[in-house]
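In what comes next, chain A is part of two complexes: it sits with chain B in the first one and with chain C in the second one.
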Partner chain A sequence: MIVINNLSKRFRKKEVLHSINLQLENRVYGLLGANGAGKTTLIRCLAGLYEPQHGEMLYNNEPIHKSKSFRQDLGYLPQAFGMFQELTLYEMMDYICSLKNIAKSKCASEITKALTSVNLENKGRDRIKTLSGGMVRRAGIAQAILGDTKVMLLDEPTAGLDPSERARFKNTVNALKKDRTILISTHIVEDVDACCNSVIVIDEGQVLFNGSCEELRNIAINKVYMINEADSDSIVGEKFILKINEIESKIFYRILAKEKQEYQSEKPNLEDGYMCLVKGLA
Partner chain B sequence: MWRLYLELKNQRFYYFIPPVILFILVPLTVFATIKGGTSSHFPECGTICQLFISSFAAWWPLFILKEYLNSPGKELLFIHKLSRDSLFLKMIILWAFYVLHVVIVFIYFTSLFDFVWFLFIAIITQSMFMIALGYFLSLLFQNTFIPLIVNFAYSSLFMLVFLYSPLSIFEIGTFSNASSLNKSTVVVIIAFILFYGGYQMEKRLYKNSI
Partner chain C sequence: MRKLYKDSLLVFLRSKNLSIPYFALLALTLAYFGFCFNNYLQYSEIFSVAMWLVRPCIFLIAFFIYCSYELAIKMYDNNMVEYLKIYGQGLWKAYGAIILCLSTIVAIPSIMFFAFVVFMYYYIDVYYLPFLIHLMKLSVLYFGLSFIIGMMLGTAMAAKLKNKRLAVYGFAVIFMLLNTTFTEAPFRIPYLLFNSYRTERMLYYIKDFLTVVPHELGNNFTIAPIYGFPMEPIRWILAVFWGLFPLTLILTECFNRKTKKALIAASCLMVLLVIGLFSVRGSTLIMDMRVDSYPFADPIYYMDSPREAYDGYEAGFIVEEYEMNLTISNELHAEVEVTIDNRDLDNYEFTLYHGYILMSVGTEDGEIPFTREGDYISIESLNGADRVIFKYYGKSPKFYANRQAIALPAYFAYYPKAGRTNIWDLDRYGYVVNISPNESDYTVNIRSDLEIFCNLAGSNNSFRGKSNGVSLFAGMYEEIAENIYAEPMRSDLPKREYIREAQEILIDIFNRLERPEPESVILFSDKRFFQMPQNFSLNSNTDDTVVMSDHITSVFCNNGPELAENIMESIIKPKANIWFRGGYLSYLFNRQDESDPLVQSAVDLNLLLEEIDEWRSLAGKFSDMNGEKRKNVSEKDRATRIADERRRYDINQIVNEKAAKYLFYESPRKEENLRIFFDYFTSESEEDYLGLVERLVREELEHDRN
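After this line comes the complex of A and B, so read on.
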């Protein structure tokens, strides 16, 4: 289990993380937030790339920066992944095995297992630079699970992927999630809905929400309305337009409203709950 | 060493540039110089060797540093700190590897000239300086392009234009005795200072790596 207590990180005068407190167990967490909210900084602090100014991070009650087991158990997928472009996929995996101190005798089986789990077992001899964007992301996940890692930190793993690659990614995560702590940073709410058990919403370096997907959805109960364009001015109180749809030549707004309206409310989805939080309509 | 092998392999076509320079261009140029005149050609050949061999010493190190400084996902190289490679150590190993190549070239030169080993010592110290300079500048600028340009500009300027400048690490002369290595001691000291400066920056690079 990972415990984060009172974590703060500042870059010069700008405080990017403010007193973060979290407990991460063996499940899949979606770390949701807008660009610049502090998701990557939090993940990099956890991975040991940044030293926080305040607070502590513990892995099985041991400080992360001193924990050998955390290093061994850690799999990390950076936001941009694509180093060693001229090596084959197998060689790149071999390099990561060596970095992770995986015994030479186990490397071949570990690499095969990791590549198979992301459906890249036939691409081992291809150079990294010849792989598609989606394949490179999957290769990134494969390197993250090398050595049977127990903790996976995935920083925006679906950024730049087409819908079919995103679906494949979600299936991969679902296949891997057993007995692992997986933290997926993203700003795509759908991805969290599809493969995460829990959601952490972060905004301006602070945790706004930490709970299940259902709980996040419930925040928007009686706050989501689908109304005709002509009726939009009749909404009472603060509102936020989520979507504009055209149905049979009529314009409809999907609206988040802070106060209860006279219209029939809609069943909220995860995005509604998230927007409620970040727009201060909760 | 396995990781270093893969890093060199990752250079693909670019890996072969220094061997081509050392084993084809330098011997051919030296051979052509000897065939083209009548008097002793050793000083001219010394100039050719210093120009080509020393300036290409930093080639492999700079291309390896590029992965650590500029590649997408470079953070991964810093994550597993318990087994992390020291870039400084890699620079020293690459220098030794380059020296092995230079030894082969100089074995060929022993069949052409006397006293080649003073020139050899001058060249390996210059190679060390070039690698140290590349390492230092790369970490200073977080970039390998500027050091590459500085490397070739420095070699060309001081070997072809400002031959007798006190800022030059290159030697002009016959390399017939130990006194022809006057500059080499200073060059080694400066190389160590650059390595030290680079190593201090490398430690910070790992500490706060992005």
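After this line comes the complex of A and C, so read on.
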């Protein structure tokens, strides 16, 4: 279990993380937040790439920066991921096995297992430069799980992937989530909905929400309305237009409203809950 | 680690932008070896081959900067660094593997160079072990460590500058240029602007700190075989520094803040330490166009100093005994005790080259006050003592003494000499041969790692004997025959038969002159003969051959006649223009070129007298011209002055060559003229030689008219 207490990180005068408190257990967490909210900084702090100014991060009650087991258990996929283009996928995995100090005798089985997990078992002999962007991302996950890692930090893993690769990614995460703590940073709410048990919403360096997907959705109950364009002025109180749809030549707004309206409310989705939080409509 | 190393090597080999140039380089290197070998077959000069071999060194270093940067930067180009860092010391392991891989890449050409120099050594068939050791050290330092420096710099630039290729290659180009003679022109600009050499010296200080090649590209100076390529301890220290310093920069990228701080502190300390050591590097042999380079340092120093003339200066005392305790490490450290014959003087003057810093002067009772003014030491009173102890250290740009080689001829004031004597002769452009007319007892003990050769008897760097000077030589230097000491790697080695032949020629010459042989010539073939480094004559016209009471130093000894002439040149006083003296000697030794138009045509004596007058008139204009006045001449007068000087230079050669040709070749009284001028050259007469020429020519004209 990972415990984060009162974590703060500042870059010069700018405070990027502000007193973060979290507890991460063996499940898949979606770390949601707008660009610049502090998601990557939080993940990098956890990965040991940044040293925070305040607070502590514990892994099984041991400070992360001193914990050897955390280093062994950690798998990390950065936002921008790449590998030596000149090596084959198998050679690259072998290279990472060496870096992770995985015993030579176990390397082959670990690589096969990791590549199978991400559906790349047939690509082992291919050079990295011949793989598609999605395959490289999956290879990134494969390198993260090499050595049977227990903690996986995935920073924007679906950025730049086409829908089919994103779907494949979600399947991969679902296949891996057993007995692992997986933290997926993203600003794509659908991804979280598809594969995360819990959601952490972060905005301007602060945790706005930490709970299940259902709980996040529930925040938007009775706050989501689908109204005709002509009726949009009749909304009482603060509102936020989520979507504009055209149905049978008529324009409809999907609106978030802070106060209860006279219209029939819609069933909220995760994005509605998230927007409620970040727009201060909760 | 083996796996990481293997994969890094695979990355290198599979990268076309790295492997293709690398294999092309190996092929080019082999072709270049062929060129060097062919050079040896043509000229049989091993040092020339070695110089060709080291010339492209900077290109190889630059190539390894490129290779290492482009290999290491792949981690950044492929966004690998971030995740490599999170594995326990992952980034360092990745860098370690890259460095190991690059070491292999670098080792192959290094081994090729090493193998080639060893092959050349055995091919030339000299079997002089110090030379083999020198070549091996050369390979390790300049074909090994220098390549590693290139590799480390490239890797460090990848770690620090990351993808900023323009900056990386900009630095690489600057680094390359600093290892060539390209800097000569830009480094001279501060002098041209501000008329001061200080900035130039500072720039060269920085350049030297970055120099990682033995012989810069574009440097046309030859390598002295006694010294070989520069491999003083500071060169090794710099090479190790430039290997380790980039490593600390790489490590700072790989570790966390605490270790990073410790590494930065360590690298700062390392920089300070190396700068400190570099500042006290002592005696080195600098051969380029800078003002401190040995061909220029002394000429410029003495040109800028006020002219002093101490010819005929009487010291008032004689040094009866020298006890010299010398330590030759990075430079000369000396404690010299002199015993003098006269305790009653009010003032004692000594000459010691200004490059030696005098720490103290004392007697047995303690230190005594002294004043130092350039090359001269003045001591007011010895308080009745007859022994003076001088403690000093320092160096000369030309007469080096360090861990690599020693060349300290007896006529150079590297130890205190009685009285005031000039060190440099501005008129003749050369070192004044300062030999004591009296012999002294010498006890010389030298602490040095080198085997030193001396004109005195002794062994294990301790020598004792009576002479009028002590010469010390060491380095790639040997006793090649009994009492003949030379640089074994030179092709023009002296031989005993040349020396004997020279003596016979000189005896014939003195018979022809009907003059007794001077003491220095009698039995000179039995004296110890020391061959001086060939490039010593680069900046001096005066000390090619010097005959001392028990030994001879000579730059050239290719044959008997040449040596005989050189010895005669050292006997006659430098009282005439170089063209005239040269002419005198060539006619005396019947060495004139019969095909020379001057020799074939008759001299018009009246025209000669007119030209002598013109020369005198032009010379009169510049008699008081010195460096300071030269600088202050107005623009208007400058053109006239330049034209006059050009004419004076032209007419100078014409007048002197014609005069010598007529008097010593064409004249019916040539034998008598040769005698007259021999007497003139060996006398103390201060008569102007052109006056004597004029007188003899007029006498002959008179004689012809009558």
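Throughout what follows, the second predicted complex is superposed on the first by the 282 of 282 C-alpha atoms of A that agree within 3 Å, B and C clash if a C-alpha of one lies under 4 Å from a C-alpha of the other, contacts with A are read in each partner's own complex, and residues count from 1 in each chain.
Operating definition for what follows: contacts are C-beta pairs under 8 Å (C-beta built on N, C-alpha and C of every residue); 3 or more make two chains touch, one makes a residue touch a chain.
The structure presented is a predicted model; accordingly, all values stated were derived computationally and were not measured.
With chain A as the common reference for superposition, the partners chain B and chain C occupy clashing space. In the superposed model, A:167 lies in contact with neither chain B nor chain C.
Of the two partner chains placed around the shared chain by superposition, neither chain B nor chain C is touched by A:244. In the superposition on chain A, contact is made by A:85 with both chain B and chain C.
Once the two complexes are overlaid on the shared chain, A:101 sits against chain B and chain C alike. Look at A:50: by the touch rule set out above, it reaches chain B but stays clear of chain C.
Look at A:236: by the touch rule set out above, it reaches neither chain B nor chain C. Annotation: chain A residues 47-49, 51, 68, 71, 74, 76, 78, 80-87, 91, 94-96, 98-101, 140, 143 touch chain B in one complex and chain C in the other.
Put simply, chain C touches chain A in their complex at residues 1, 3-4, 7, 10-11, 14-15, 74, 77-80, 82-88, 90, 93-94, 256-257.
In the complex of the two chains, the chain A residues touching chain C come out as 47-49, 51, 65, 68, 71, 74, 76-78, 80-87, 91-92, 94-101, 104, 140, 143-144.
Residues of chain B touching chain A in their complex: 2-3, 6-7, 9-12, 67, 71-84, 207-210. Across the interface of their complex, chain B is touched by residues 44, 47-51, 68, 71, 74, 76, 78, 80-87, 91, 94-96, 98-101, 140, 143 of chain A.
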